[in-house]
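So, here come the structures, one by one.
Each of the next two complexes has chain A plus one more chain, namely chain B in the first and chain C in the second.
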Partner chain A sequence: MVDLPAPSEECGSRRFSIQTEADVMAVARGARQLAEHLGFSQVRAYHLATATSELATNLAVYAGGGMVQLHVIEDPAKANRIGVELRVEDQGPGIPDLALAMTEGFSTGARLGCGLPGASRLMDEFSIDTSAHQGTRIRAVKWRQPALLPTAPISTEAGSLAPTRTAP
Partner chain B sequence: MKIPILRLGRILLASIQEDLTDTEAMQFQSDLVNEVAEIEALGVAVDITALDVVDSYMARVINDTASMVRLLGAEVVICGVQPFVAMTLIEMGRDLIGADCTFNLDQGLEQLKTRIASRGDIRFAGDEDE
Partner chain C sequence: MTPSLSQVLKHRQDELLEHWLRDLSQTSSDGSFSSAHPELIEPLRELFYVLMTQLDQAASREISLATDQPSRLEREQQTALEPPLKQLVAEQARLQRSLSDTLGFLLYLKHLLFKALFAAADQAVEERSILWLDHCFEQIARQTFDLALAQRDRYISEQSISIMELSTPVLRLWHQILLLPLVGVIDTGRARQITDHLLEAIAKYEARVTVIDLTGVPIIDTSVAQHIMKTIDAARLLGSRVVLTGISPEGAQTLTKLGIRFGDVISRASLRAGIAEALLITGKRIAAMEASPR
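Take a look at the complex of A and B:
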């Protein structure tokens, strides 16, 4: 069994304040380093970092800034299953039509419109709570290993193209 | 941050080290396009090895840059797309990067030379140094 760093609050949590797009890189890098430190495969760490970057960018572009938090969590149902919980919160205008915003290619900012749908695919768990009064709160989790491939270590080379996403 | 553009014969090489802001991206694109026009570049290699994350914003910047270069008639290749980056981009959106990608710079330059050669442009000499 691999030795896990204790997911204590001190080493297991990081907060980032995002005001402009220039703040995004630090949190994406932080997410990637945290995941790699926890023994995530390169691909899974990169998935987390990319999703983090997408959601943090949205904070800067659409919500006038906000907070990103990364927590190391343990699956209460499964011993030794650790993951990174991503919390992204803002007090911006909220997302009026969530289904539309989650559609590939929909953007009110003349961008690609793949941030939200892409991030939700890259993460194992993904939920959004949004309202015009309270802004937008997103919670997402990336587990260190996909649920359906139990103990076998995942190759860090991207040799296998097998899907690594798991059913929720 | 200004992105240096290196010249290897009639190939240009630009290495993006960090996420670019909108302004920096526009500066880079105009620098690159001017340089392509000025030396009548036959190919451009854009190296993204050093980027921490290629998200949809950077993918768009890279794509726009590639289209501009192609409009000027030069070949373009995006280098430094590691397998885990490619896998993530596919998951994000199928056509996120429309240009040809290679794993490293060497392969990128090889690919440019092959493509330029197949265009039958005899002016190109890969080892020419100026």
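Take a look at the complex of A and C:
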């Protein structure tokens, strides 16, 4: 087990303003650096960075800009479990039909339509709050280690990709 | 009216200029600026004359300090000062000197003007002219700052355009085989440019295979994937097959988790395998040379 770096103040929280597509890369890079700094595995850091990039792109394309915040958090239930909390906020038009937007392959904007559902799959926790004309708020968390499922104790990174698989 | 200011400006103009330029050739004793480069003398001289003309004109007219009157005079002054200030800022940037030096030069001139003003005035200097001169230089400092920032912005956007052009080369790997190494961020603008370059090259070289290498793309998310798919579709319409290479293991895992399918695109882990595949498609292979008969 590697030593856990204590979440320090200076790397504990970062804010990014997203206005155009050009701003997306900075926040994705920031997320990846933060995750790697905290000792995330490459795959999990990549997941976090990609989900951040998806949500930030949504801000630039659909919401007319917004704010992305990255926080280092500790699991209140478990000691020594740290993760990165991603908060995405905009004052945009909101998502009219959330269930539809979370559907695979649905997009209002001639895109692939896997941004929101994909991002939610890449993160360990994902909650979204949206209302018409009030904007959208998303909170998502990626923990440093994958959740250990009691029925299938999986410790490898590859295992975490299929949490429903039963133990061999 | 501020007759004393006007008089000072008129009578001691040349003396002031010489004094100013002489002192600027050395680093100031209080460290507010470091010595001006010799190439800067001409732009500074020009700025000085424009500034003196402006001050003189303003001083000889009725000056209103009322702030609610963003005077025509100020705007005139800004317009007149813009070309020499711009030149000064550009020269300083070219010589890689700091903006604070530039501001230091200008504020030092204010200092000299004040000194001359106080020395010349028999009685107490009119408060209004002090305030007014101070206000003038505030305007100039602000304008200089804005010009320097605008200059830097322009520089950055020019640079990013050249980086963009540098980073989308389409290489001819072999007869009918092209290589497109993608490096860096792929946004909508760049994706369009990449596609343009590639299609042009495919048509020019009658390429049958294009190897697109993604090793240098830091993150492949849905929008990047979509751009690449569109590029692939367009290449196919021109009769070129596409071999994707260089998707990292974590990238591959993330793409499947996102639910992105690249369909029937040939993909190889390494550029090496991709090139082998491209050669195979065109009916060629890399073989060892025959042992020379001895």
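Just so we're on the same page, the second predicted complex is superposed on the first by the 140 of 168 C-alpha atoms of A that agree within 3 Å, B and C clash if a C-alpha of one lies under 4 Å from a C-alpha of the other, contacts with A are read in each partner's own complex, and residues count from 1 in each chain.
As a convention for this text, a residue touches a chain if its C-beta (ideal position, glycine included) is under 8 Å from a C-beta of that chain, and two chains touch if they have at least 3 such contacts.
Since the structure is predicted, the reported quantities are computational estimates derived from the model, not experimental observations.
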| item | value |
| --- | --- |
| When chain B and chain C are modelled together on chain A, clash or fit | clash |
| Which superposed partner A:Leu38 touches (first chain B, second chain C, both, neither) | neither |
| First (chain B), second (chain C), both or neither touched by A:Arg29 | both |
| Touching partner for A:Ile95 - first (chain B), second (chain C), both, neither | neither |
| Contacts of A:Ala140 with chain B and chain C, given as first, second, both or neither | neither |
| Chain C-contacting residues of chain A that also contact chain B | 21-22, 24-25, 28-29, 32, 42-43, 46-47, 49-50, 53-54, 57, 104, 111-112, 114-115, 117-118, 121-122, 158, 161 |
| Touching residues (chain side chain B, partner chain A) in the complex | 18-19, 21-22, 52-57, 59-60, 82-88, 91-93, 96 |
| Chain C contact footprint on chain A (complex, rising order) | 21-22, 24-25, 28-29, 32, 42-43, 45-47, 49-50, 53-54, 57, 104-105, 111-112, 114-115, 117-119, 121-122, 158, 161 |
| Footprint of chain B on chain A - complex, ascending | 21-22, 24-25, 28-29, 32, 41-43, 46-47, 49-50, 52-54, 57, 104, 111-112, 114-115, 117-118, 121-122, 157-159, 161, 165 |
| Chain A partner contacts - residues on chain C that touch it in the complex | 185, 187-188, 218-223, 225-226, 248-251, 253-254, 257-260 |
